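Residue numbering begins at 1 within each chain, and the chains themselves are lettered A, B, C and D in the order written.
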Amino acid sequence: MTHDQMANALLPAVVVAPIVVACLLLALGRRLDRPTIDVVAIATSAAVATADGVLLSAAGNHRLVAWLGGWRPQHGASVGIVFVGDQVGVGAALVAGVLMTCALAYSWRYFENIHVNFHALMLLFLAGLTGFSLSGDLFNMFVFFELMGVAAYALTAVKVEDPTAVHGALNFGVINSLGAYISLMGIGMLYAATGQLNLALLSRALTARGPDVLVVVGFVAVATGFLVKAAAVPFHFWLDDAHAVAPTPVCVLFSGIMVELGLYGVARLYWVAFSGTLEAGTIQRLFVVLGVVTAVVGSVMCLLQRHLKRLLAFSTIAHTGMFLIAVGSLNPVATAGTAVYVVGHAAVKSVLFLCAGVLLNRFGSVDEFTLQGKGRDARLTGIVFMLAGLGLAGMPPFAVGLGKVMAEEGVVRAGLWWGPVLFLLVAAATGGAVLRVGARVFLGIGRGPGAEEAGAMSGDEEKRELATGMTRLPVTMGIPLTALLAAGAIVGLLPGFGDQAALAAGRFAGRAGYVAAVLDGTTSYGASPAASAGWSVEGIVLCLASVGAAALVALLGLYGTALPRQILAVLRTARPALHMMRSVHSGHIGDYAAWLLFGVGGIIVLAMLPP
Amino acid sequence: MNILITVALTLVLAGAAVVVFTPVPSRQAVVLSVYGILLAALFMALQAPDVALSQVAVGAAVVPLIVMLAIRKIDSLRAARRRQR
Amino acid sequence: MYPYVVAGAILFLGVIGIARSRNLVHAVVCLAVAQSGTYVLLLTVGYQRGATAPIFQSAPEKAGYAATLVDPVVQALTLTDIVVSATVTSMLLALAVQIAKRHDTVDPDELRSLRG
Amino acid sequence: MSRGGRYWVLAVGIAAVGGALAWAFLSMPGFGGGFHPYRDAAVAAALRHSTANVVSSVNFDQRGFDTLGEETILLASVVGVAVLLRPLPGERHRHGRQGGHVLGTTRMLVVVAVPLTLVLGIDVVAHGAVTPGGGFQGGVVAATALHLIYVGDRYRVFARLRPIGLFEQAEAAGVVAYAAVGVAGLAFGGSWLANILPHGTLARLVSAGTVPLLNAAVGLAVAGSVVVLLSHFLDQRFLSPPPGTRHAPGDGTQP
């Protein structure tokens, strides 16, 4: 089979296969017993991940292009839909496949009362994630965006008996849909301006047109839906609600890949369709401002939580802020660093969520203070949790650290000298919060809740996810846990991984190459400058500094109330601000809708201000 | 022709406002159905019979029906709760 | 420009409805209204004065026939959009029913389980 | 946030976005203009494949993958609603009113209207490549036919006529059939969803290659989906509310 034929067959297959298997499971579900369903679902998702791996290695040589329906372009135009695989896009699909396999393995025997429906939804969700990462057509991206959404809303509320779950899912559904409709408005406007939906054709038409107000507003509108998925402040409210209440294996996919795909969507849209038109400085300003606000809000809110899953959700928001800054710096090394960071983050964040699930199934709570000291005898879970917490703070050799080193190098090169300082603070806050919870739960140390923590949403209301109680860690949960943790470390040590990522990011940002591959069939990447990126001495020092800072934050969280009075009095002055930030997260759908429009307005103003 | 479209657009806009500002959901379901038909008329005027057909089937019939069923269920839950107290 | 303004206004009306809503069912219906703004935008973008529906009665004889039809692509997109709207609406209504069962209320002002 | 605060935030947002949108609309091609490059290409492509209804050509041939995605969204929502509306612990199926005394008018409705609507639905599906309508619209109409029986509150009759399991399978079969046509395109035409069948003559019932097949697949999937979707909402009426639904923290979840 030639390269071209393989791309043609396999790129759409990784999307269609899970859909077909989901249908078969639904049609035959009543006749199948539960282990069969589990095995079929896990095998399908593992097969998709394997195919993604094959595609990834092929995408290292050429861009993969598949025209669906055989509508190959004639005279540089086509009426069909195209799937395009470069390393970043296929890599995202691969992360989705691997996480889905782990999540399904972990949920062996989960939700026995809904039988086959859980697996079907998970597979449809995987199809949505994969389709979104591979599609090269704006409206087709919207379709897969909605598929992701619809499956995700249902998965969030799988535990319907849990009052918070149904509420969180509704907030998630309304805000995401609203974002998607604003995106669709943008698609309509861009269609009016250019008459195209294909990203490559759009790119040509927009470059010829130049950056007028219609193009700017169209870009912001389309980006809004993706930014809602990416949980940029102030579009992030759904995320902490949904993550706090969704079942653990679902959280793994939400935090590990779905949120990141929102960011991927914006980056893909900008680099392919708009980078020839929009002013780079404007885009940089827009994303950096958005990123800083997101990172700050996420970090502070993360520190204030006692509900473990909600804490992890805010840490994802804080990391999204870092990603936005790094990608928005428009420097290829920073983009590569983000890609590596996303892989590493997916691994350790998934481990942390799965540990939270283990605690929930064992003790019926994910509340930091309720669980204090309860995990003393859960050695393996405790060790894995603490290691993942250190990984989240950027400890070498975890891939998070490598990504952080590269992203820092990139943003400094792009002129954001303060970038590393902010990244260090975010890593310290989010890693520190996780280590604080770990120390309290698994070591039993630390004081009781202070006034501020006591008012936070409690983690006691979470419902167990298994029908029967659980006293020790089952193998089906232990394997994904340790495998993901190991993967997070091994990826960071792979020789040449950083270089490959830098190369891939350069190709990802190459507008002309993408357009030529899609429209003219020139799929070779052409000569690219040899990139070198990886661990550096400075970088390792910075990583260790952020781990140290995280440990300090954790200690402050555990014993903060023992500080001298004068210091506490100073700290107390921040309380009204914290209180306000907390009260903005009201769980009220009307508030969230208002903030959504406010955010779009803010972004438009940022995009229209003179450079 | 253009007058027809302008009138249809204005009616749709007014219909949307009425749906949004009808606070009682059971009445809203009826208004939504009417709004669906207004939209379908606009689509006919815009030379989109396929979309108009879809809009009649889905927007004017199926969706308002589901809204109605959801409201009935919620009302019966409320009534049952009141009886319990 | 009037048709585009109507489309935008419908979207805003939907959002205003969600922000004012005292009932989740009402909010979900308002979301569907917001989405109908996108139908109007797509179809008005594709409209051409004097052109007919994009369906052939018989094979056209001369070139330039395409310009006598309104844009079929946006119509196809709107069809998909309508399905999406119906699915999202039914899903969210199912959630509203479950919220009513679990919280005894569908007033967003009274739902306080997800604060801070 | 207070109601007033929320309205202020919203007002600022609407002012900014509305202003920008209005400005952007000014530079959009005017309403009713003739600039439609995709249209020009799509109409030519539809003619080449002898598809009289260009919208169907776009939906099922040129952008057929969108429609597969759309059917999948529908499927996901049906599964999702099934999961969300499953009876909670403590909720019981009440015995509905016994059937048996179906009124004359209702019987008339069932006997006359249902077959008529069903035929209409199938007709709309079958002519999807030629006249307005297609798998989606026809599927909804066919599903409505079955639900006409619900008029007059004869739920029992209705429940008997409506074996849900079968409809669930029909829905899944529709999506699988769509994907199967896609695979056939790959096997015989070199790409997914390639239109491999002879295209026939424009405006004939059997024309446009795979478009009628895909229309039929979508019709099946949509009819199944709508019936199942509505049935989940209808069934809610026959669930007695669970006792003491208000949630108390830690009710029985503590070890």
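Heads up, the rule we're going with is that a residue touches a chain if its C-beta (ideal position, glycine included) is under 8 Å from a C-beta of that chain, and two chains touch if they have at least 3 such contacts.
As the structure is a computational prediction, the values presented were derived from the model and not from experiment.
**Q** So which one's got more C-beta contacts, B-D or C-D?
**A** More contacting C-beta pairs are found at C-D.
**Q** I'd like the Å distance between the centres of chain C and chain D, where a centre is the mean of that chain's Cα atoms.
**A** Using C-alpha averages as centres, the distance is 15 Å.
**Q** Roughly how far is chain A from chain D, centre to centre by C-alpha average, rounded to an integer in Å?
**A** 30
**Q** Can you check how far apart chain A and chain C are, centre to centre, with Cα atoms defining each centre and the answer in Å?
**A** 28
**Q** Residues of chain B that touch two or more other chains: which are they?
**A** 2, 49-51, 54, 58, 62, 66, 70, 73, 77, 81
**Q** Could you check chain D for residues that touch two or more other chains and list them?
**A** Correct list: 6-7, 10, 14, 17, 21, 26, 28, 32, 36, 38-39, 42, 53, 55, 58, 63, 66, 69-70, 73, 76-77, 80-81, 84, 88, 132, 136, 229, 233, 236, 241, 245, 247.
**Q** Check each residue of chain C and list the ones that touch at least two other chains.
**A** 2-3, 8, 15-16, 19, 28, 37, 44-47, 49, 53-55, 70, 73, 75, 77, 79-80, 83-84, 87-88, 90-91, 93-98, 101-104
**Q** If you go through all the chains, which pairs of them touch?
**A** A-C, A-D, B-C, B-D, C-D
**Q** Report the residues of chain D in contact with chain A in the complex, numbered from low to high.
**A** Its residues touching chain A are 1, 6-7, 9-10, 12-17, 20-21, 23-24, 26-29, 35-39, 41-42, 45, 58, 61-66, 68-70, 72-73, 75-77, 79-84, 86, 88-89, 165, 168-169, 171-173, 175-176, 179, 182-183, 185-186, 189-195, 247, 249-250, 253-255.
**Q** Could you list, by residue number, the parts of chain C that touch chain A in their complex?
**A** Listed in rising order, the residues are 7-8, 11, 15, 18-21, 24, 27-28, 31, 34-35, 37-38, 41-42, 45, 73-74, 77, 80-81, 84, 87-88, 91-92, 95-96, 98-99, 102-103, 108-109, 111-116.
**Q** List the residues on chain D that touch chain B in their complex, please.
**A** On the chain D side, the touching residues are 32, 53, 55-56, 124, 132-134, 136-137, 140-141, 144, 147, 226, 229-230, 233-234, 236-237, 240-241, 244-245.
**Q** So in the complex, which bits of chain C are touching chain B?
**A** Interface residues on the chain C side: 2-3, 6, 9-10, 13-14, 16-17, 22-23, 25-26, 28-30, 32-33, 36-37, 39-40, 43-44, 46-47, 49-55, 70, 75, 78-79, 82-83, 85-86, 89-90, 93-94, 96-97, 100-101, 104, 106.
**Q** Contact residues on chain A for chain D in the complex?
**A** Interface residues on the chain A side: 5, 8-9, 12-13, 16, 19-20, 22-24, 26-27, 30, 66-71, 77-81, 113-114, 117-118, 120-121, 124-125, 127-128, 131, 139-140, 143-144, 146-147, 150-151, 153-154, 157-158, 160-161, 163, 166, 189, 191-197, 212-214, 216-218, 220, 363-365, 458, 460-461, 463-464, 469, 583-584, 586, 588, 590-591, 593-602, 604-605, 608.
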